[in-house]
Amino acid sequence: GGGGDTATQASQSAAPASSAPAAKGDGTLTLGTLLPQTGSLAFLGPPEFAGVDLALKEINEAGGVLGKPVAKFDTDSGDTTTNIASQSVDKLLAQKADAIIGAASSSVSESVIDKITGAGVVHFSPANTSDKFTTIEDKGLYFRTSPPDKLQGRVLGDLIIADGNDTVGIMAMQDSYGTGLADQVQKTVTDGGGEVVERVDYDPKAADFSADVAKLKAKNPKGIVLIGFEETAKVVQELVKQGMPADKHKWYMVDGNTSNTNYVKMPKGTLTGVKGTIPGAAAPEEFQKKLTTVDPDLEDFSYAPESYDAANLIALAAEAAKSDAGVDIATKLEEVSKGGTKCKSFKECVDLLKAGTDIDYDGVSGPVEFDAAGDPAVATIGIYQYGDDNKYATKALEYRTGNIAG
Amino acid sequence: MRRAVIAFTAFLGGLIFLLAGPAHAGPADCQGLRGTLKLQGQPVNGAKLAVTTEGGQPVETVTTNAEGTWDVQVDKPGKYKVTLDPASLPQNAEVRGGNNIRTPTVYEGNCSTVLYALQPKGAANQQQGGGETSTFWAQAAQLTFEGLNLGLIIALAALGLSLIYGTTGLTNFAHGELVTLGAILAYAFNIGFGLHLIPAAVIAVIVAGVLGYLQDRLFWGQLRRRGTGTIAMMIISIGVALFLRYVFLIFFGGQTEAYAQYTAQPGVEFGPISAAPKNFVAMGIELAVLIIVGIALLRTRTGKAARAVADNPALAASSGINVDRVIRIIWTFGGAIAALAGVMLGLSQNLKYTMGQDVLLLIFAGVTLGGLGTAFGALVGSLVVGLFIQVSTLWVPPELKSVGALAVLIIVLLVRPQGILGRRERIG
Amino acid sequence: MSADEAPVQSKAAVTDRSAHLEGAEDAVLRCDELIAGYLPGVNILNGSDLYVKDGELIGIIGPNGAGKSTLLKAMFGLVTIRSGTVVLKGENITNMKAHSLVARGVGYVPQTNNVFPSLTIEENLEMGAFQVPGKFKERFEFVAELFPALKERRKQRAGSLSGGERQMVAMARALMTEPSVLLLDEPSAGLSPKLQDLVFIQAQQINKAGVTVIMVEQNARRCLQICHRGYVLDQGRNAYTGTGRQLADDPKVIELYLGTLAKA
Amino acid sequence: MHDAETTVAATDRKAAALAAFKDLARDPGVPKPDPILVADNVVRRFGGLTAVEVNHVEVQRGSITALIGPNGAGKTTFFNQLTGFDTADSGTWTFNGRPINGVPAHKVARAGMVRTFQLTKALSRLTVMENMRLGAQQQKGENFWRALIPGVWRGQEEEITERAEELLVRFKLDAKRDDFAGSLSGGQRKLLEMARALMVRPELVMLDEPMAGVNPALTQSLLGHVKDLREQGMTVLFVEHDMDMVRDISDWVIVMAQGAVIAEGPPSTIMSDERVIDAYLGAHHDAPLSESELEAQLHEAEAALEAEIHETDGTTGGTSAPEPETAEEKQK
Amino acid sequence: MDWITILSTTIKAAVGVETVLYAIGAIGLNVHFGYTGLLNFGQAAFMGVAGYGLAVTVTVMGLPFWVGIFVGLAAAVVLAILLGIPTLKLRADYLAIVTIAAAEIVRLIFRSVQFKSVFGGSDGQRGFSDGFYALNPFPEGEYGFNLGPVPLLFGHRTMWVLTVGWVLIALFSFVVYLLMKSPWGRVLKAIREDEDAVRSLGKSVFSYKMQALVLGGVIGCFGGFIYGLGYASVQPDVFGTETTFYMYTMLILGGAARVLGPVLGSMIFWVLLVLFYNVMTEAVAAGYITFLDTNQVGAMRWILVGLGLILLLIYRPQGILGDKREIAIDARR
């Protein structure tokens, strides 16, 4: 790495000694995004890109990082059926990205984490919730703004119990997100005195879900938990068709499918009373407005705040480290996220930093306090409820903040 | 029996609603355990609960209040044990399942809820005790229906594929995209132009037919004229599939969509089967189209000419058949039928730019199982595939449901290598 | 074994095209200096001429691979003609599509792959009458009488037929349309002697009825016996022409193409 | 003319074969002194159709035996059963005394009984030479591991190539040596099919209409070759509709009709057998038509035609049908 | 526009890990389809069982790396035999569907929750490549050279994978070359043309097909190893039908039944894919392309790949290295 700043920290650098002199600390903070433009998560690409773009816009308006505007390269993460992510990472590394924001899917992140961290670059996901990343070998370079599924699972499970569902059926998408979250919900429900009478892990790519729903129907559970992405709309149709509508059973959804666009075409009242949990604190409305200035076509906002926070945190850490090298950023990320004067925007925080104050960045997605593993230590989960129009009110019924650990 | 179950479910629904209101109105900074005891919607007052640590250290013993709620605050997060004293319950009440001990975990700064579901004494577990066999047969009936529903859609798509394969020898890997195309076209007319789904679907099918015609006219036909081999064509079709699929992604987006009408149509009960009325209408249309086209292929002159072209284009031309014209007709119909399949698929499930690709393997399985190139084979094969996928979930986990259908494909071909309705070629 | 060696470099080949040009003047169908082939850069026909007058029966013989079938296919629009012309009744039909030639009254029986295997016999014949569906019944009765075996088996798929039975179907298929010009590529191959006779008689009869017939045959002697004129094709060129009898008696033709076996 | 020396040499084997057949009865299924192939009760049905129903038949070793019969008599199907390409409904047959019913096709071929196909099976995208080489048996290089070491099989390959080249010259395919077999003409395919079968060096070669579509001059020279095969001790069983050929080379003729063997005998007698003429040869069984016969035939045809023309007069428009007389005149 | 990066990534893609693993898979496929005419659409499954064989042996059973390789190989052979016994008697197009089906069954089992403890569900397995990298002769650092201003450098890990990969490609190409020139290869090609003819000449078609299936499968399974080792993980969905499709694309692109066809095809495929994408993202970012946004670039690249594939096959149906004459022979006769 070049520059005197990095030299002083070389001792704690975990990155391999680089034979390319210009590779690190070139003075410009370069962000790469590795987010889904194609593949099964393509629908989450726009809000995530928008989040990053908005943050970057604000950062550069506030004078950039280390006195230079932040550079950014967008790439596609595809999904696990293609090798696109790996190609994209190669490209980003070649473009001397200092930090990579992505991927959305835990599986994709897993497939490239070695490559990214091996190059001494920060791997920062705004959406990975798989528990695996807490313990993964990451050279201290992996971070995320999204809370591991432990918390959401706990909150959701407790909600289900509190609602008096002693028999519960779970329909979970079969991937690390779905099964991980479902495991957590199942555990909480069982501990709390409920019984999970049926758990169906389904393949989101399946041609249809009638058989899966039929299995659920056979057990006739009081509460039905739907864990998945957009394909939940198909599951909902199937539930209604097979005679298990939301007014006879209690439905619960999660961040991956609590959507304001997915179900609007369904007959009025289809989702009345359905509850869903989404990570993230209150009042994102003004933030959503700002997002639409970046991308006017946005309809869903999932993980936009997390992406926004990710970009801000990286920028702040770079400022704090006075270096744009990935390994240096990584050492400061935990610091800027907690313990110090609270601040809420890049401008506010960077001014404090410049004044030599220790800062604690509180993001749109929550307080964002990193633990040693690079996970947020504290997070907020909102509980939302659908109305007659098949949309949920942006104001949650309740927000529950909790430690992830414990 | 059935009536009882429904009544009970309705009752439970009411119960849930009653419970839902006040349950989580607790203070934000709460660290401990709480719960509400209710019997048939009425709060249970005076029930005794003992909370101890995991090790058995007593923490607190509480009694439910008039609302039936109880609440225990603890100092340390961790696992706790809650015991409900059954004797303290009203005479006529018992804990469902009989287990009166819960072992919840308290997390820092959060309250965990503990649930005891109460039921009148002797009301033996209605939930699960409803007679396993009747559930099994009801489930089997429902799944059979689903199998037919899916099978017919596959059959329709398979028919389009089979027509084109049968006439031109093209293994069209882009057929899934033709299915998607139909669904998306109907969507465009339905949502974009605000037409009702029925006219939108009709127009979509017609437009898809025209596009099928143009596709052959401007593309596949030109390739044939250049003498492109069938293998090259097959690979080209993979290119076409990629091309179309991602064009759809750009124009349609990566999300799932639904038509403006008939989405999430509530189900109606028919004996053990619960289905939406649209399913029956769709199945009727599918069956009608399948049979009409199948018979047309066997009986009409153009149908026979199509089979003749399939066998030997040069000889067909020598017999005075305008080969290009026949192929174009087939493409027109094939495209239209695929589009209809797409609309039906979109109606039964939802729309997505990969919807066709997702069922392509099933389509191929159906066509192959029935015997390549035979119209009724496609129907029979697809029904078998559809039924197997759904009914096999009685025994295998649904995520593996395709495994059953694919395994059946392999087994059937073992016994009949030429497919169910296919014929063996003679040697020599 | 002298005959086995070296293909014929015919000196007596029709070098003067004048005979052809003269004869071709009032021909129904004429081909001039056809050059055609399958693979790029390889010509199979190297400028062959052929004409046939109204009501004539023409035989084409020649060694294997001479290009006889190719010549028929080229005339019928199944092989691309690279240069030269084919004229039917004054109309230039070079490289015209086969089905439009059928509409113009040309019929063709290919040498190989001459049935639709997955169609039944009846359907095969129906395809033969594709452009005149109204006549199917009547013509079907006619061919059924010629080849009774076909009528019995009308519902059998052609793909399961024996070689000879297929040949019957092929011939019958071409007879369904009542063409005015009929191109036959080895119609007697694989048929029993009895049926071979029938085919030759039938060819003559059809011809008598006014149909112009061009027949490629390896049953060469028989072919030359019944044809009005014959062509000997070798390496894509006309090697000899003449009346059937002239050719059949020409010692050179006998040695190189006919052999002495059948003369017995 | 050309095969003067072979004729001389041929005489002894031919004589031997003829001698063997000399005192045989002319009954279907008659036992032969030294049969190489014996088939019993071979039955094959397709739905309601009984394609083959052969009670008993024997093929004499070292002879050239013709199998004739009307189209659809079951000759090819019978071949298919014997060579393991189809499964018979019942029946047993032995080759060299070894039962081979139910034995898969490739094993039958390896045992020395090789057949050709009536509808040729050229290996299209292999060259003619590769087609030929494939026929050779016990190639070292056909074993996976040995194939990896060219030295092991090179020598044998050259020997095979040499043999193939000789055959190709005989079959007039040498010029096509390096062309794809798929580009051969119909007749050339027949030739290749037969040449390739001979590469196997079989004990018994079963040819299904080898000469249909082959130029007569070439046929004639190939007959010499077939006779050579007999001299080399090979047994030939062939199906053919060309009676000139049958008469010329076969020592013995077996006649099939409707699946069953209906007659057997030397060519000369069989051709005059009433049943054979009825079922198979028709009126003009022998020799080409003489002038007078031709005339008679023509008149017959004309009469029929006349009747027809009167019937369909006016319906056949378009081309001006020439007067029948004109055509006839031209013929004379 | 950042042409240096574009060039650098594009050139690197020509020899990169993806190219290697797809090339190896396609070489196996060439044995199946190109030479023997087996329309095997389940090649991905061979890669899958190999990758998983290695992964499960090392991570779940805790056995050494070499044992994992052996298990992976054995799994590929077993799969070939299991697949072959029922399918090799089928007609080509039926075989295609059955192999797709079999491959899907394998993939679905890998990703199923039922066997999550063994195969790791949809996330697959990781952490089995240490044994391989322990053998790495390259010390830490970057290797390669600068082509003018264009850096062509690989990390030591990638370098090790690539070295092994290209050695394997060379080895397999040589083996295929030897075999296909031999009489053994001739039998395979003959089977591709007409099985019955080959049978009539005394060759056991089944046995040869099986040998070809095993050989191609074993070669392909090394693609699975390279995948697993290159990414240090295996995931079920990577071994889906699409992967096989892409391999076919590469094979036909380069020229089927040509020794180097699959290798060339794979290189071209990845170069085009990377090039399209890089140029377009840059062009969008730089504002040269305004009708697309960055989200659509990912889709656009596949559109262009599809288009490129179509055009290539239209204008060169025999592939880059293929023989025009072979294509001209109509397969129907």
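All chains are identified by letter, namely A, B, C, D and E, in their written order; residue positions are counted from 1 within each chain.
Keep in mind that, in the parts below, contacts are C-beta pairs under 8 Å (C-beta built on N, C-alpha and C of every residue); 3 or more make two chains touch, one makes a residue touch a chain.
Here is each chain with its UniProt name: B, E = Branched-chain amino acid transport system permease protein; C, D = Branched-chain amino acid transport system ATP-binding protein.
Just so we're clear, the structure is a prediction, and the values are computed from it rather than from any experiment.
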Chain pair showing more contacts of the two, B-E and C-D: C-D
Chain occupying the middle, per Cα centroid: E
Whole-Å separation of chain centres (CA-atom averages), chain C against chain D: 24
Between chain E and chain A, distance of the C-alpha-averaged centres to the nearest whole Å: 33
Rounded Å distance between chain B and chain D, as computed from the means of their C-alpha atoms: 59
Centre-to-centre distance between chain D and chain A (centres being mean Cα positions), rounded to whole Å: 77
Residues of chain D whose C-beta touches two or more other chains: 76-77, 85, 117-119, 183
Touching two or more other chains - residues of chain A: 38, 42, 45, 174, 201, 203
Multi-chain contact residues (two or more partners), chain E: 108, 112-113, 196, 296, 299, 302, 325, 328, 330-333
Chain A-touching residues of chain E, taken from the complex the two chains share: 2, 5, 8-9, 12-13, 16-18, 108, 111-113, 116, 121-124, 126-127, 140-142, 151, 153, 155-157, 231-233, 235, 237-238, 240, 242-243, 270, 273-274, 277-278, 281, 285, 294-299, 302
Residue ranges of chain B touching chain E (in the complex, touch as defined): 169, 171, 173, 223, 226-232, 235-236, 238-247, 249-250, 312, 361, 364-365, 367-368, 372, 397, 399-400, 402-403, 406-407, 409-410, 413-414, 417-419, 427-428
Chain D-facing residues of chain C, complex: 1-4, 7, 28, 38-39, 54-55, 61-70, 105, 111-112, 149, 160-165, 167-168, 178, 180, 186, 189-198, 201, 204-205, 207-212, 218-222, 225-226, 228, 255-264
Residues of chain D touching chain E in the complex: 83, 85, 104-107, 109-110, 114-117, 121-126, 130-131, 133-135, 137, 139-144, 147-148, 150, 153, 157, 180, 182-183, 196-197, 199-200
Footprint of chain D on chain E - complex, ascending: 175, 178-179, 181-187, 189-190, 192-194, 196-205, 211, 215, 325-326, 329-331, 333
